[in-house]
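These are the structures in question, set out in turn.
After this come two complexes, each holding chain A, first together with chain B and then together with chain C.
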Partner chain A sequence: MTDAALSRPAPLPRPGEALLDKLLSGRGIWPAVPAIVVLVVVAVIPFVMLLSLGFSDIEMSRGAIVSQTFSLAHLTGALADPLYWTTFQRSLSLALSTMLICIVFGYPVAYLYLIGGRWTRRLILILTIAPLLTSGIVRTYAWLVILGGRGVVNMTLMQMGLIDRPLRIVNTHWAVLIGMAQIHLPVMILPLIAVMSRQDRRLEEASANLGASRMGTLRHVILPLSAPGIATGAALVFTLSYTTFVVPQLLGGGNYLNAATMIYEQVVYSLEWSKGSVTALILMVTCLMVLVVIALISNHFTRWTKGRDA
Partner chain B sequence: MMQARMAAPAEATPAPVLRIGAVHKRFGALTVLDDCSLNVAEGEIVTLLGPSGCGKTTLLRCIAGFWAPDGGSIQIDGRDMGAVPVNRRPVGVVFQSYALFPHLTVAANIGYGLRMRGTPRAEIARRVARALETVSLSGLDARYPAQLSGGQQQRVAIARVLVLEPRVLLLDEPFNALDAKLRGTMQMELRQLIKRLGMTAIFVTHDQEEALTVSDRVAIMNAGRIEQVAPPEEIFDRPATAYVADFIGNSNFWVARAEGGRVALPDGQAVATDLAGPVRVMVRPHNLRLRAGEAGPWRGEVLHHRSIGPLVEYLVRSHTGELRVLAMRLEHARPLREGSAVTLSVLEPDLCSVFPAP
Partner chain C sequence: MRLPGRTAITDALGTGALILMAVLALVILTAPSIIVLMISFDTRAFVSFPPQGFTLRWYAQVFEQSVLVEAMLNSLRVGLTVTLLCILLGVPTAIVCVRGRFRGTTALSIFVLVPHMVPGIVLGVAVLFAGALVGIGPSIWLQSVSITVFVLAVMVRTVMSRLQRLDPALEEAAANLGATPLQSLRTITFPLLMPAILAGAVFTFIEGFDNISVAIFTHGFRDRPLPVELLAMVQTTNTPLVAAVSGVQILLAVIALILVAASVGLDGVND
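Right after this comes the complex of A and B.
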C-alpha cells in the first residue's frame, strides 16, 4: 500500500507505442505475432483456398466461379490414376537418391572442415556458399553446358577415346539427378558444419588416447555426434528435391515428369485447378510423411540428448 | 598419507617408467618448453605445478602424443615414444573437462578403449564392472554422462583410462571443474586410489595446495623450464631458485653480502652459502620470531596484524624492508599492537635460503 502510494505513476505510453513495446519485448506469444500474421496471410489462407479447390466441383462460366460443391472425386480420381503413382514414385526416388548422394558427398567436406586448418576452413566455406549466390536457374543452365552433347564431359571422354559418339546425358534421369545433387549439396554441408564445429575437439583426442584409429574416432565419435546435422541436412535436401521444379524442367528436357512439373502442367497448360491442388496436397502430405520418418530415425540416433535433465 | 609419501622412493628405483630428456617445443617465435627433463619412477605421483602459460599442459600433451616436441626425447619403459602415434602409447589421459563421450552410456564410455582394441564382449563387460567398482560407481552403468554430477563424471573419466591399465596416467587439472568442498576430498581419494593400484601418475595443476596434497614430488615450472623437482616439504623448505621460493608459500626477501662462505643475518646469526658477493636471503614467515621491546640487533615496528585461526600474521617494518612474520597465537597471549617496537630473530638459520642477487 505505502509502496504504491509512494511510487510515482509512470507516464502512460500512447497506444501505438504500447503495442510496439509489447511486440518487441513482450512475454509469451507477443514477439511472434508479426511472423504469425505473415504466415497466416501468405501460407495458411492460400492453403485453405487450395484445399477448397481440390475438394470441390467447380462450375466456371466466363472466367468466374459459378458454383462450388464439395466432392472427393478429384482425390479418388488421382489415387486411381497410374500416372500419379509412377510420377510420385519417380519424384520420391529422385529426392531420396539426391539426399543420399548429398550425404555421401557432403559428409567428407564437413569432416575436412572439422579437421582442417584456418585456410582449409575458409576455402570450404567460400566454395560451399558461393554457388548459393547465383540463382538455381543459372546453375542449372551451367549443367546444360557441361553435360550437353558438345559439353565438357562428352568432349573430354571423346578426346580420351573412351567413347565414339557423345553420350546422351541431358534430358535423362541422370542429368536431373546430377544437377539436383550439386545444387542442393550446400544445404547438406552447412548444417553438418554447424553441428560438427560445435563438437568438443577433446573428444577426438580422448578417443585417440583410448586407442582408436582415425577411422575408429570418425565412426564411433564424430559420426554419431553429427547425427543431428545429418538429419537436418537430409530433411532440407529431401524437401527441396522432392518439390523442385526448375531442375527437372530444364535438365529433364521438358518431358521429364515429376510431382512439381505435373502440378505446373495441370495448372498452367490444362487449367485443371482442382486436379492441380489435389496433386499439390498429395505432394505435401507425402513430403511430411518422409520428414516424419527422417525425424524418427534421427531421434533413434540422438536419444542420448533426451535424458539430459533427468 | 605421510607413510605413503615416505615409502615412495625418490631416486633409489632402478629404471624410471617415464624419462623425459631435454624436451623443447616452440610455437612460432614463442618457446613453450625449454630443455625440460624429468624422470618418473614406478608408482610415483609427480605434479607439474606452475602459473598458466608456464608450459605444464604443453609438456603433458607432448607425453600423451597430441603434440610432437621439437627436440629431446620421451621414453616410457625405455622405449622412445617419438615414432609411436597417440593411439598406441601406453598413456591414459584424464582431461580437464573429462571429455566423456556424451552419446555413450557410462559403461560404454569405460569400455570404449577395450572395444577399440577388439576385446571380446564378455571380457569388456567384466572389466568395465570391475572398473566401476574400483571408482565406486556400480549401478550407474546405464546413465549418460549428462546425468551425472561433476564428481561422478570425473570418476568415469578416471575409470575409462584405468581399465586399459596404462603405464602412465596423465591428469590435466582434474579438479578444476569441481566445487571447492568436493575438491579436497576428491584429491585425497584420487591419491589413495592411484597408490592402491600402484600406478605412475603425472598431475598438471596451478593450485599449490592440490600439488602438495596429491604428489610424491612436485616439479615447479616457469616460462617453459622445470625449476625444481623435489618432495613437497623440500620444495617449501629448500627452494632451489628465488622463483620457487616466491611461488610456493609466503616468503621474505632481502639483499645481503656473502663473504667467506657465509651470509650474516641481521640478528647476528649466519647462514652457509657457496655464493659470494651480493645475494638475496629468503626466510619463511614462520621461521621468524618476534619479541616485544628492543632487546637485540634486529629491530622493527609492527605495522599490522591479523589473526588466522590459531595463528597471528604480523607485518613488521625493519631496515631489511617489510617482513611477514607468522606466530602461534599462544606465543603472544595478547597480539602485539600496531606501532609497538619489536625485536626480530631467525628461529632456524639452516632453513634460510640464499640466492644470487638479481
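Right after this comes the complex of A and C.
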C-alpha cells in the first residue's frame, strides 16, 4: 500500500447520506419507529377496542358498528352461563393433558439428543423441525386418515380380526387429545434441546466420577438443570393447545366445543361480537393465569438448583 | 468399579426405556406425514388404508381446480408480503434493540415480542373488530398486515440473536477505517446478518402461507387463502385430493427445511 492511499482523507458523506447515517447507525430509536407504529395500530389499538367491545352493547348494520354503550351484561352473562364453564373446563383439561403428554414424550427425545452422536442429533432436529414447517391443517388431516372409519387403525384392527366394524375414534375427545399432542410435540422438544445442549457437559462427567449412576445423573443433574426448558416448552404447548380451533374442529366433529371454536362460532356464524370479545378476553386472561403458574413452578425449581450451586 | 450390579441393571433398563420412548415419539412425529403421502398416490376415489395402485391423478387435479390454484396464489401473496414487511420492519428494530444507546431497549424488545405471545385467535378477532369500527373490512391486505404483526417477533428474535454474537470490533474497525455508518451497515453488518435474515424470512413466509388462527378472521371473502380453503375442504371432501394438497405442502416444507439448514444450520433454529 502506498503512502498516498493511506493518507487519502475519508470520503465526505453526501448531505442525503448524512441524514441516513444518523437514522441507520442504530444508536437511536428511529429505525424502530415504523415497527412501533405498525404494532400500535395493528395490535395495541385493536386490543383496546376488543376490551371496549367486551364491555359494551353494540348495534350493527352491514358489518359496521353504528352505536356503542357501556355495559357489563356480556361479562356477567358469560360468567353465569353454564355452557361457558363446561367449555372452558374442557379446553383447560384438554390443554393441560396435551402439555403433560408432550412432556412425557418430548423429554426422552431431548435426552436422546443429549447422549446421541452427530447423526442422531441431526436426525432428531430434522424430524422435529420439519413438522413445524408444515401446515397445522395438513397435520390434523393426517390424523383423520389414521383414525377415520376406513383409516389406518380401524383397517389394521379389522384385518387382524380384532373388531368386525370400524371403531368410532374420530369425533371423540380422545381423537382431539391424540392429534393435539402429536401436533404440538415439536414445540415441546425444541426448547428442551436448546436448554440441554447449553448445559455444561462436565457436570455430567463430575456426577459420574462421583459414583452416580446414569439414572442418578439424569435425576439429580440433568433434570433439574433442564427445568427452564420444560417450563418454556410447557408454556408454548399450553398456549397453542388452549387456543387452537383447527384440531377440535376437524377431529372433534361439529358438536365438539372448546373455547376457540366457541369464539369462532360467535364471531363468524352468529355475529355476536360483544359475546365473542368477552370470550376472547376470558380466554386470554385464563391463559395468562396458567402461564404465570407455570412460571412460578419453574422459578421454584430453578431457585432450588441455583441454591445447590452456591 | 464400585458400581454394584443392581445399579447397572436399573441404568440399562432406564436408559433403554428412555431411548425406546424417544424412538416411539419420533416415529409418531413422522408417520402421519408418510401415511398422507402414501394416500395421495392412491388410485381409489376415497381415503382408505392401505392405499392401492399408484397415480398422479390427484396432484394433477390440485392444479386443475381453479379454487385451489387461486387459494395457493393468494397464500403466496400473503406469504411474500408478510416476509417483506417483516424484513423491512424487523431488521432495523433488531439492530436498535441490540445496538441502541438509549434507555428502554429492553422494553422495546419486549414490546415487539408480546404480539407473538398473544393467542393468534385473539389477535385475529381484535383486528377484525377494530377494522369494523373504523370501516376497514377484512381483505388480503388486512390479513397480511395482521400476520406480520403476529410473526414480526420471529424475525426480530432471529436477527437479534445473530447480532448479539457478532463482534462489535468489526463495525468499529470499519468506522476507524473511515466508513460511514451507512457504508459499514452495507458492507459489514448486512452481509453478516444475511443468514439470520434468510432463516427469519423462511419462518415468516411459512407463517404467512399457513397461518389460520389470524387469517380466518381477517381474510378477504373473495381472496380465500389456502388454509381457509383447505379447512373447508377437509370437512367436505373424502377423496385423496386433500392428501395431494398436503403432499404439495410437505414438499414446500422440505424446501424450507433445506433453506434453513443452509442458512443458519439446524442448530440455529433455537436461538
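Operating definition for what follows: the second predicted complex is superposed on the first by the 259 of 310 C-alpha atoms of A that agree within 3 Å, B and C clash if a C-alpha of one lies under 4 Å from a C-alpha of the other, contacts with A are read in each partner's own complex, and residues count from 1 in each chain.
One rule holds in what follows: a residue touches a chain if its C-beta (ideal position, glycine included) is under 8 Å from a C-beta of that chain, and two chains touch if they have at least 3 such contacts.
The structure displayed is predicted, hence computed values, not measured ones.
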| item | value |
| --- | --- |
| Which of chain B and chain C A:131 touches, first, second, both or neither | second |
| First (chain B), second (chain C), both or neither touched by A:139 | second |
| Chain B versus chain C as contact partner of A:277, first or second or both or neither | second |
| Greater chain A contact set [chain C / chain B] | C |
| First (chain B), second (chain C), both or neither touched by A:174 | neither |
| Touched partner set for A:42, first chain B, second chain C, both or neither | second |
| Which superposed partner A:205 touches (first chain B, second chain C, both, neither) | first |
| Touching partner for A:239 - first (chain B), second (chain C), both, neither | second |
| Overlap of the chain B and chain C footprints on chain A, listed as residue numbers | 211, 213, 216 |
| Residues of chain A that touch chain C when the two form their complex | 9-11, 13, 17, 20-22, 24-32, 34-36, 38-39, 42-43, 45-47, 49-50, 53, 63-65, 104-106, 108-109, 111-112, 115, 122-131, 133-146, 148, 150-152, 155-156, 182, 185-186, 190-191, 193-194, 197, 211, 213-216, 218, 239, 242-246, 249-250, 260, 263-264, 267-268, 273, 276-277, 280, 283-284, 287 |
| Chain C residues touching chain A - in the complex, by the definition given at the top | 2-3, 7-8, 10-11, 14-15, 18-19, 21-26, 28-30, 32-33, 35-36, 39, 46-50, 85, 88-90, 92-93, 95-102, 104, 108, 111-112, 114-115, 117-123, 125-133, 135, 137, 145-146, 148-149, 152, 156, 178, 180-182, 185, 202, 206, 209-210, 212-213, 216-217, 226-227, 230-231, 234-235, 242-243, 245-246, 249-250, 252-254, 256-257, 260, 266-267, 269-271 |
| Residue numbers on chain A that touch chain B, as the complex places them | 200, 202-203, 205-213, 216, 220-221, 224-225, 302, 304-305, 307-308, 310 |
| Interface residues, chain B side, partner chain A - complex | 64, 66, 86-89, 91-93, 95, 97, 99-104, 112-113, 115-117, 143-144, 146-147, 160-161, 164 |
